[in-house]
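Please read through the structure below; I'll follow up with questions.
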Amino acid sequence: MQFLSDNAAAVHPAVWKAMLAADAPAPPYDGDALSRELDARFSSLFGRECVALWVATGTAANCLALAAMVPPHGSVICHREAHIETDEGGAPGFYLHGAKLMLAEGESAKLTPATIDAVLAGIRQDVHQVQPQAISITQASEYGCVYRPDELAAIADLAQSRGLRLHVDGARFANAVAHLGCTPAEACAGADALSFGFVKNGGMSAEAIVFFDPALADVVRYRRKRAGHLQSKGRFLAAQILAMLEDDVWLHNGRAANAAAAHIAQAAGDRLLHPVEANEVFLRVDATEREALRNAGFSFYDWGADAARLVASWNADTAHVAALADAIRQL
Amino acid sequence: MQFLSDNAAAVHPAVWKAMLAADAPAPPYDGDALSRELDARFSSLFGRECVALWVATGTAANCLALAAMVPPHGSVICHREAHIETDEGGAPGFYLHGAKLMLAEGESAKLTPATIDAVLAGIRQDVHQVQPQAISITQASEYGCVYRPDELAAIADLAQSRGLRLHVDGARFANAVAHLGCTPAEACAGADALSFGFVKNGGMSAEAIVFFDPALADVVRYRRKRAGHLQSKGRFLAAQILAMLEDDVWLHNGRAANAAAAHIAQAAGDRLLHPVEANEVFLRVDATEREALRNAGFSFYDWGADAARLVASWNADTAHVAALADAIRQL
Amino acid sequence: MQFLSDNAAAVHPAVWKAMLAADAPAPPYDGDALSRELDARFSSLFGRECVALWVATGTAANCLALAAMVPPHGSVICHREAHIETDEGGAPGFYLHGAKLMLAEGESAKLTPATIDAVLAGIRQDVHQVQPQAISITQASEYGCVYRPDELAAIADLAQSRGLRLHVDGARFANAVAHLGCTPAEACAGADALSFGFVKNGGMSAEAIVFFDPALADVVRYRRKRAGHLQSKGRFLAAQILAMLEDDVWLHNGRAANAAAAHIAQAAGDRLLHPVEANEVFLRVDATEREALRNAGFSFYDWGADAARLVASWNADTAHVAALADAIRQL
Amino acid sequence: MQFLSDNAAAVHPAVWKAMLAADAPAPPYDGDALSRELDARFSSLFGRECVALWVATGTAANCLALAAMVPPHGSVICHREAHIETDEGGAPGFYLHGAKLMLAEGESAKLTPATIDAVLAGIRQDVHQVQPQAISITQASEYGCVYRPDELAAIADLAQSRGLRLHVDGARFANAVAHLGCTPAEACAGADALSFGFVKNGGMSAEAIVFFDPALADVVRYRRKRAGHLQSKGRFLAAQILAMLEDDVWLHNGRAANAAAAHIAQAAGDRLLHPVEANEVFLRVDATEREALRNAGFSFYDWGADAARLVASWNADTAHVAALADAIRQL
């Protein structure tokens, strides 16, 4: 019973179907008909003109987007526990040519105008200090929490007033939209670019970088190739994304995963370390309790010495979820 | 009738089958059983201990391998028309942090000890000049020509005597091995690392970097993540590669593509610009002749003003090949 | 009455004399007799074989030294308030090609084995996390405090046991040695490289990078040129350094600056934010008090809202120092 | 009798005088009065608004200027024998984060619109190929030849029509202006930035980057610090430059060096490999002849197997020059 990672889950049947259908000769790279369709599909989804490029990983999506926003001598303000800071093997340093991540605080890995301001307050406008050019937030956050539209608006206002770009890491964007019950556009309002994740949500190997400022996309086209991320049979990535968008598969999957996590959360009571708003459950459980859960057949990651992270996938088995909820209750 | 690129061809059925079979929950990244199998399979194929890592593109394979061999202040000697110089959007500059490519001459995009020496002769051992640390050759070359074992040995000897690493870009390594009729090990003897290509030969999105020096792999593991190339569902890349190795699919495909190219070459006579030893045919044809071929239904790239490049895929249609051969004869 | 920065002070007469004497035609770069003398002079000073290279700034010295120790995918552990983190405009990100600084805590900007361990404890040996390769400490620290030999030994032991290199930023190394009353070797024992500062201590534009591992110097020779720091009339940098070493000018200047700071410190009583062990005094003074000091003719930097930094130079005027001490007493 | 390099020559007395005069306490970095004066002085010299920043070396000047013009995924078109390509230890790769140098041909290391066009013609506007963003020319060229105003205008026109920035490496700009007898502005018309060299012309350790587009300077201010080139006692660099500008010392020195070279050139007759328009003489002389010259007391660099480079300094000794001319005649 796997609650280790949504990365470990299976690929959605609609994705497989679209990939198999894409297996006809076609122009290489992103010259094929499917890749050419992405801009229109995302523009329709977001209700405004946008440009969308596929890449294979969220790390590439985040770093390519940020690299177009920030010069090598600049910096990105992000949360101390942002994925780009803690889990991408230093990829921002590579893609941004040594630009810095400036770490801000915030409950449940969410930034606020106040925590961003606290970072900005420490920076003199002076060549001795690196100057920030962008803010990156994660929607839903690394602790499975979701920015409300008014929270986004406040951050976007701050970004604009300080001349900073805004990037949204949406590795679990579907879960955030499912939670908010709003439009995708509302769930990332004010962003210049969004890393729209599909791999954790039923895709195989395709994420989209959605640019609300087309000038950024013009840079990233070159940077994507330069990073070895322009796959020659790109039609198979485009096919995955289009399949996820078709009939809102992405949203249904996000809802399903959220529902499973909510089910688990109900059982957890005051063991919860963070509100469960997406598909991740952070649980206060000591080593003995974790062993008990593992002995009962559940796999998950430890989260420090006294906690665990349990992630529900888009196809989480109802029986497994119920069993896990029971097991937690009985700890 | 598509002779544009082997990139445009379909995915081999065995690859699809393996990918579908891999669609069970598994540890993410390269912790799954399939990824863990690669070292053994390549060690067996090459008859010696080696370490193999998957990546999605040849550009990533080449640049990650070279980045482990060459410090940022160093350089790589390669052919003036090497793929890494002409077609990778500056990826070596990115991955090698500004290290230089030093361009050497050679017939049909093949280096020789003499042309490498000519580059070395121009370099004083002096901090004002960038110092070379590696040689990169392409097997088969960018003009579809193949290094013989004795040619490889001569280059490897030179590399060793000068303290240079040797990298082999094997985007079409299968075609080279098929042409030589030797073992894979013989076709890249002396190399420290090989980019073993599968995407042009029936794969979808997986290439292998094969390290004959495991210390290089230890670096590339980190660099791969840092470049956003560590896919979370890596089992689907490993599955592709294992399927290509199983029953020598890679070799059969290479032979099939070579045979198709040879068929076309026979028709081309003295129009051939380079010996046809792999699956690429470079043809002297003027604009009128190219138009005639296109009107007859053949797609291909122009190669400058007076030539064309025609590439045979692993699944080249026999009838299309015969038709092309006829069309060329009738020019 | 200038207590703004030791950077602002005058150049020592012996330095001028040596520079003027160096104004004869000589081989360019570091081929001149003076530059050639550095290795021997520093080897003699440190009582062991070492290699010394001049550069114009401490930032270049620190970053070149670290770049030879740490690959682009690695990191350096340093104090949260280390100069390389807070005041070098992101130079480590540039020179180390995106390698990371990992920030540790510690009183008065000094690291301890415990605070370094706290950083190490948070890092899994896993490609998702950047791995540390070096520790950088500042002797004397950014708050004018000095590592004792036993503190250095503890850090050096930790570094060795974890396979980490040790770099010492010695922008105020002279002040540290003067305070400790030990040999220069004892004041940086265990270091692989030392940025030995002269500019804040009576020099004009020359710092030395002293390598206790010559292999690092072999890399930095190339990196120095690549960074545009190999000056063509390098003899004028070597002359400065040799003049500072001759008759222990560096040490006398360090002692003089320390004595001036001690004089001020005595007047400061419990206003002192940090022990005064070198030539910097950090003083608790509110805005009104700072204004009073400035009105009395003293220049210095504010240090946040309720403090000031006062720096004594090698040639601090005794009368100015006494006046400052009085003024502080009368606050 | 030294004809090795203008780098090896002495420092002009006016430079010494200004440096000694600058030895009073002053704000650090470029906050001092002398550094603040540069913009006005260069604006007056060039008859238009410009911004000027000091750095210690020509390599830093060239690379900082280019780094502000060209993104990491771009390229610079320069001559195959440009200093930035052949003699800066890969500094452009470092400063431009892996951007490429695209090498063009041209007599005597001078580019022409035709040779630039030949490079541009080979580049498809396509992500697989690196796209050029700037042209860099050297005035006077690496072979001591000078661009005429009409030649500059033609290159500037081409740059503008193709959306390329124009950089002028003026390591020997004084010699070029002296030769042309025009204004400094005319000698670099159309440039966005000029590396104005002083070190080879009587300075010690200061070059100016003159920006005709102030937006570039705003970037370089940060990049200069980030590269460790913001010296804390910057007043000594500013003093050198101001002294060189005062009473046209730079121009007098350029004329003197040119005159010495012209004297040598007259003796050389058809041994000259390039027109002598600045202070460098490239001479066809075989090994025996070079030995004879060296035995007669002249020092210089070999230039390949059958030639020598002789450089006249600003303070070339008239007797030495005459002796050299004689010695060449007698070969």
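Letters A, B, C and D name the chains as they come in the text, with residue numbers starting at 1 for each one.
Just so it is clear, a contact is a pair of C-beta atoms (placed from the backbone, for glycine too) under 8 Å apart; a residue touches a chain by one contact, two chains touch by 3 or more.
All values derive from a computational prediction rather than experimental measurement.
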Comparing B-C against A-B, which pair counts more contacting C-beta pairs?
A-B
Chain whose Cα centroid lies at the greatest distance from that of chain C:
B
Approximate Å spacing (C-alpha centroids) for the pair chain A, chain B:
34
Separation of the C-alpha centres, chain B versus chain D, in whole Å, is 42
Return the distance between the CA-based centres of chain B and chain C, expressed in whole Å.
49
Where in chain D do residues touch two or more other chains at once?
29, 72-73, 88-90, 93-94, 97, 127-128, 222, 225-226, 230
So in the complex, which bits of chain B are touching chain D?
72-73, 75, 86-90, 92-94, 96-100, 127-130
Enumerate the contact residues on chain A facing chain B in the complex.
2, 4-5, 7-11, 16, 20, 23-29, 55-61, 63, 88-91, 93-95, 199-200, 204-205, 222, 225-233, 236-237
Chain A contact footprint on chain D (complex, rising order):
29, 71-73, 97, 127-128, 131, 219, 221-226, 230
